[in-house]
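We just call them A, B, C, D, E and F in the order they show up, numbering each chain from 1.
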Amino acid sequence: MLGYDLYTVYEKRRLRIGVEYKQMARLGILFFDGPYQKQASETVVKLSNAALDKGHEVRIFCYMDAVNALLDNQKKIEGIFNIEEGFREILTKGAVVRLCNLCLLVRGTMKNCLKRECGDVKRAGTPDLAKIIEETDRLIVIC
Amino acid sequence: MGKKVLYFITSEDITGIELAMEHSDDDDVTILLLQNAVYFANKSNKAVTQALNQNKKISACKEHIDTRGLSNFISDKIKLVDNSEIIDLIFECETIINM
Amino acid sequence: MSEEKNIVILLRQPPHGTLYPVEGLRMTVAVSADFDPITVVINDAVFAFIKDVDKTMYSMHIEFIRNIDLDILIDKKSLDDRGLTKDDLIDDVEIKEHQEILDIIANSTVTIPF
Amino acid sequence: MLGYDLYTVYEKRRLRIGVEYKQMARLGILFFDGPYQKQASETVVKLSNAALDKGHEVRIFCYMDAVNALLDNQKKIEGIFNIEEGFREILTKGAVVRLCNLCLLVRGTMKNCLKRECGDVKRAGTPDLAKIIEETDRLIVIC
Amino acid sequence: MGKKVLYFITSEDITGIELAMEHSDDDDVTILLLQNAVYFANKSNKAVTQALNQNKKISACKEHIDTRGLSNFISDKIKLVDNSEIIDLIFECETIINM
Amino acid sequence: MSEEKNIVILLRQPPHGTLYPVEGLRMTVAVSADFDPITVVINDAVFAFIKDVDKTMYSMHIEFIRNIDLDILIDKKSLDDRGLTKDDLIDDVEIKEHQEILDIIANSTVTIPF
């Protein structure tokens, strides 16, 4: 929700101050890997934070194992970057997160993901990635 | 100079660097290394040395170089960038080739 | 904005043992509603299009992509490296010289690897 | 439970018929990858089935993402080998499955795994892998 | 002949095959390829061709070869084995080198 | 039975970006209660033992392994391939010629890769 509110703000800002808007752009992020096995989900969180802190908008599509990055109850362990906390933070800052529905279903993790009260996180289909590509200025893929 | 192109390389697949090296000289090409792709920045890596000799720009994520303790093993010609600079680079380039 | 974006879906992983290439084709299909994505096939992903490979998960997507006249382009260099020829592949794909593949990637707005 | 009962049977059989016992051996299996991203969990199920069908005993240690192979509610999708069903089958046939406790905790999937009524599946620590190595005749690792 | 050794190769890392090729000829070495490691069985793969020339025994999982449609692309010298034969092979060998 | 088993824990992946090498060392520690595992380090895993690498997750295991007098052996060939020398590594490891590494693996009962 927050993400789309920010979007409205940017649009208004664009109409108002033109050039300045250019520095506020929209970043799309796609990734495939689950947390704790590979670094991708940590990189997604850190780059999202950097983009959000610079005033950009961030829209993330979690594909395949990446849906598990949004699981609830990830235990904090010293020395390991907690992925759930990372996603909670960027959701609070307005990031939009879409989770591949079919990927959740097949893995049996449909019911254990972060809920809407954490921010604009929703189940989605592959067409939603097309939408993210269409509505953002750049798409990066974290392998 | 043509358009600005970013090879955004986050996987340990050398193909991304090979493609970047074969990219037309008409474009302004930057190769950005993240995650374990930063090992390609090692001085003893032939592909990256060759890319540097071809005057391709190579950047690497500073945090990922530091965690791996690689700062003494990479060429001076590789620019270390923080996350904020990575975001700027992404928006400066018109084409993003993810690998 | 959408008309200006040239999207390349880049398949690079082998067809079985991971779901990457099949998910890549699924993405080509999904993205085709808004764009005209080009599917480019390099490295071990070329094995996804040999005649005898199990295509249970693939055929639906390949057929859809053919029916809407989008291209699946195979990198000849990747074939050569693996001792494969045109005759080993199904008819729904087109083989391109390595330089053409490079040009297509270079002219994309975004390349998405699978 | 069944696994250990079979173990007792084999021990008795060893004492009774000596040589014949040699054909009933114990296979340990270690793997690291979750379901649906890589083939490992499917291979584990198929090799376990083959070993169990030949009368061998099978003990599996799920490490890192592999713990997610035992998640409940994995939706059946045509054309995709259902990993949950595979593990249910080998558990019924007496396979022993141990899940790395810390790996479950950090992933937030502790409460969603197959329960004891499915067979001898339990949370465990790395010392339990040492035990599996000690108590089996061969250890294979599926990468 | 020394002991029976099985190189049990399930990953696409060529190191396993390289180690097997360097293994002492005193032992009776079998290389077993599974999952995407079966691509190493491709006739155009140099390491495997060399291993066959060295008279190392190479087997590959039949199901994994068939799914990938590779049966026409592999050398006749590679023995295709089903899951039951794989289990037998595992218990016949005294040493298992997993890769 | 347990005394006869020679276990090699084979580290082959880089130290960060995946948890494989640290999980491998954790396994060496766990297995050391019942066996005398040898930790063998090849390929990009050698980077886990260079001086400047972040060892937050590693140091505890490395210290434990040293304290119970078990060996962590580094393949010299893997070092050479990466332009690394003894001076780049921490003191708790021992460099072995490639042939010795091969012999140790050949003489194992089971080699477990990470």
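Going forward, a contact is a pair of C-beta atoms (placed from the backbone, for glycine too) under 8 Å apart; a residue touches a chain by one contact, two chains touch by 3 or more.
What you see is a predicted model; the values in this text were computed from it and never measured.
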{"item": "Shortest contact path, chain A to chain E, counted in steps", "value": "2"}
{"item": "Common touching chains of chain E and chain C", "value": "D"}
{"item": "Pair of chains whose C-beta contact count is the highest in the structure", "value": "A-D"}
{"item": "From chain D, the most remote chain by mean C-alpha position", "value": "B"}
{"item": "Per Cα centroids, the chain farthest from chain E", "value": "A"}
{"item": "Approximate Å spacing (C-alpha centroids) for the pair chain E, chain F", "value": "25"}
{"item": "For chain A paired with chain F, centre-to-centre distance based on mean C-alpha positions, whole Å", "value": "37"}
{"item": "Of all residues in chain F, the ones touching two or more other chains", "value": "16-19, 110, 112-113"}
{"item": "For chain E, residues contacting two or more additional chains", "value": "11, 13, 35-36, 96, 98-99"}
{"item": "Multi-chain contact residues (two or more partners), chain A", "value": "32, 36-37, 39, 64, 80, 138-139, 141, 143"}
{"item": "Pairs of chains found to touch, sorted by chain label", "value": "A-B, A-C, A-D, A-F, B-C, B-F, C-D, C-E, D-E, D-F, E-F"}
{"item": "Touch list for chain A against partner chain C, complex", "value": "30, 32, 63-64, 125-127, 129-131, 133-134, 138-139, 141, 143"}
{"item": "Complex contacts: residues of chain D adjacent to chain E", "value": "25, 27, 39-40, 43, 46-47, 49-51, 53-54, 56, 137-143"}
{"item": "List of chain E residues in touch with chain D within their complex", "value": "8, 10-11, 13, 34-36, 63, 82-84, 86-88, 90-91, 93, 96, 98-99"}
{"item": "Residues of chain E defined as touching chain F within the complex", "value": "5, 11, 13, 15, 19, 22-24, 27, 94-99"}
{"item": "Interfacial residue positions of chain F with respect to chain B in the complex", "value": "14-18, 44, 47, 50-54, 81-84, 88"}
